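Report on one structure; see the data block that follows.
Going by the order they are written in, the chains are A, B, C and D; count residues from 1 in each one.
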Amino acid sequence: MKANRMEAFSDGVLAIIITIMVLEFKVPEGHDWHALIDLGPKVLSYLFSFVYVGIYWSNHHHLLHMIRTMNGRLMWLNLILLFWLSLIPFTTGWMGDSDFAPAPMALYGIILLLSAISYRGLQLAILNQYPDDSAIFKSMGKDWKVRISPFLYLIAILTAYVSPWVSGFFYVLVALIWVVPEKRIEHFLRGK
Amino acid sequence: MKANRMEAFSDGVLAIIITIMVLEFKVPEGHDWHALIDLGPKVLSYLFSFVYVGIYWSNHHHLLHMIRTMNGRLMWLNLILLFWLSLIPFTTGWMGDSDFAPAPMALYGIILLLSAISYRGLQLAILNQYPDDSAIFKSMGKDWKVRISPFLYLIAILTAYVSPWVSGFFYVLVALIWVVPEKRIEHFLRGK
Amino acid sequence: MKANRMEAFSDGVLAIIITIMVLEFKVPEGHDWHALIDLGPKVLSYLFSFVYVGIYWSNHHHLLHMIRTMNGRLMWLNLILLFWLSLIPFTTGWMGDSDFAPAPMALYGIILLLSAISYRGLQLAILNQYPDDSAIFKSMGKDWKVRISPFLYLIAILTAYVSPWVSGFFYVLVALIWVVPEKRIEHFLRGK
Amino acid sequence: MKANRMEAFSDGVLAIIITIMVLEFKVPEGHDWHALIDLGPKVLSYLFSFVYVGIYWSNHHHLLHMIRTMNGRLMWLNLILLFWLSLIPFTTGWMGDSDFAPAPMALYGIILLLSAISYRGLQLAILNQYPDDSAIFKSMGKDWKVRISPFLYLIAILTAYVSPWVSGFFYVLVALIWVVPEKRIEHFLRGK
């Protein structure tokens, strides 16, 4: 019953995080299409973060359903994850406002990296509630998406100083890995 | 069970979308009734969007109840719909702030058009879970409200450059089509 | 089942309304207690509205539980109520910002009056689902709190031009009528 | 059933309180790391309040589950608690903005003190539904965490005028008392 409430609270926080990002879109001074030009990078940043928070919402949901017994530790690991995710609107706004400058793009990755690490922490704590030889332990223990994402974020953070395009490519790559169903990825990697 | 959580999350996002629009109403400098004059178009825009989001909330609710088996595709189609709807507060604010200038009025329609297309996509994906000859497939497949709305939005977008009154008429028309129960519309079209 | 979702959505909207009012409290420039002086009327306005939205939340909850069959009409009557209530943060902010000037104080009452009328409309529509001679119909039909509130709001609106104290007295009076349990009021009116 | 809805409403309000604090992080003018320097105290304040609201959410949840019969008094005691908690974003923003000046740091403690007193009021009202000799009455009646926190807040408020470090130490201490499981604290106090 407790896990249910943690889920409801997390859902509320994630719904607010995903929605308050639009408050960054200030009503422009002008009243014609030119007034929207500056919004381009902001909308792109928002689209990105919308997808990322959507991914977290979806996976978080699956993860919490695997909890066998709730305890204070899981609650705090979950709160730590929500803390990092709650910083996404700020860094999204900064990235869009700066037209994808190196520092904001790197910060974006740092927040995503910390979120990913927190997620992995929560996942491992939940996995510990299962025996080592259970099917779920084995399949989630080697969850390659969760394992590879931090490295891709790290590359995106470092390449933010090289070019926003290279860095952006890696952010898109992580998103694609999570959004596209696993079967299609295998298919693609095997040369179609 | 999964569909339930998608519903709860969507409800949260829609409740936030419908409510944060009031943050556009900045406390005026003056302290008498004259200070409220500029608010007129803003309140009118808000009323409009409140009704539109209300319509979406109501129909969305019915739609999700028809889901037979949840899957990742439905989740993403739903997130795409929420993405477009989340841009309503911005375009509402711009429309009200500009006193119904052509560009903001057209953008308003573009966002509603994209929302309507996303809604249709979600509807068709859910319909695909039913056999072609089922009653629900037939009745929803020919859902004339969902089919006609995009065309009316298109007219409203184009006429925004003719006159805000003409364009506004079509926005009101779509809203009425959805708000007024179907029987009354048939009644009215048959010449009372 | 439908009524449940309307309740959840209304709860979400009411929770947001009651909480976004604090966004009116801008962080002051100064860093000592003097910097808070201007906040006095704002906090008082907020306290007021917090109590009012709290009252609505509580009564709304009881009311929705009486719904026998959901329909589109109830849904729209509920949305109309939420629309008026959603304007409370704006008028609360204006009232506090203006140091209880006549126009903002009157507008506050107008919004509360329109909310009260909408509430009565929703209540009557739900009552219509019960036979005229049912106990619930009789007890709620003569709900004196719902009936007397609009008149007290009207007095508060008009007296806003006489004195903020007189007007404020009537706003406090309505709040007390709703907050204090009925038995104590009867007790008090009978001369203790 | 009533207690459930109070829980859902409180969850919504707490989720909003914890999340709107990030709106205090305005997108900085500059686009390099130097632009973030001013954010240091703000992020620290936010982290603090995030933990405090997290603690309240967790304990509030346990507390409401002990309600035997809902009534208007519990509802209002709960609303009073939410009122004080809703002021946390403002005082958090002021504390961070002022770089931990005495007045904001003291106000932070005052709000936490009033929240703690309200919490104790709600707790006692719920305890009154149990017989004096019940195990739950005895264990919660002497809840040392709830009892000691107000005194530590009082010290933090007073020492805000001495040094932000001393005051901050006591805020951290209260947080630790609540976050760290009781057994570990006993362990530590007994000399490891």
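Annotations
Note that in this section a residue touches a chain if its C-beta (ideal position, glycine included) is under 8 Å from a C-beta of that chain, and two chains touch if they have at least 3 such contacts.
Remember, it's a predicted structure, so these values are computed and weren't measured experimentally.
Although chain B and chain C carry the same sequence, what matters here is overlap: shared residue numbers make up under half of all numbers found at their interface. Each chain gets a centre from the mean of its Cα atoms; the one farthest from the centre of chain A is C. Relative orientation of chain A with respect to chain D corresponds to a rotation of 90°, obtained by superposing CA atoms and rounded to a multiple of 5. Distance between chain C and chain D, defined via averaged C-alpha coordinates, is recorded as 28 Å.
Distance between chain centres (mean CA atoms), chain B to chain D: 39 Å. Looking at chain C, one finds that residues 8, 12, 16, 20, 23 touch two or more other chains.
In terms of inter-chain touching, the protein chains here make up one closed cycle, each touching precisely two others. Taken pair by pair, the chains that touch are A-B, A-D, B-C, C-D. Of all residues in chain A, only 7-8, 11-12, 14-16, 18-20, 22-23, 25, 27-28, 31-33, 35-36, 47, 50-51, 54, 57-58, 61, 179, 181 touch chain B in the complex they form.
On the side of chain B, the complex with chain A involves touching residues 2, 5, 8-9, 12-13, 16-17, 20, 23-24, 72, 75-76, 79, 82-83, 86-87, 89-90, 93-94, 97-99, 101-104, 107.
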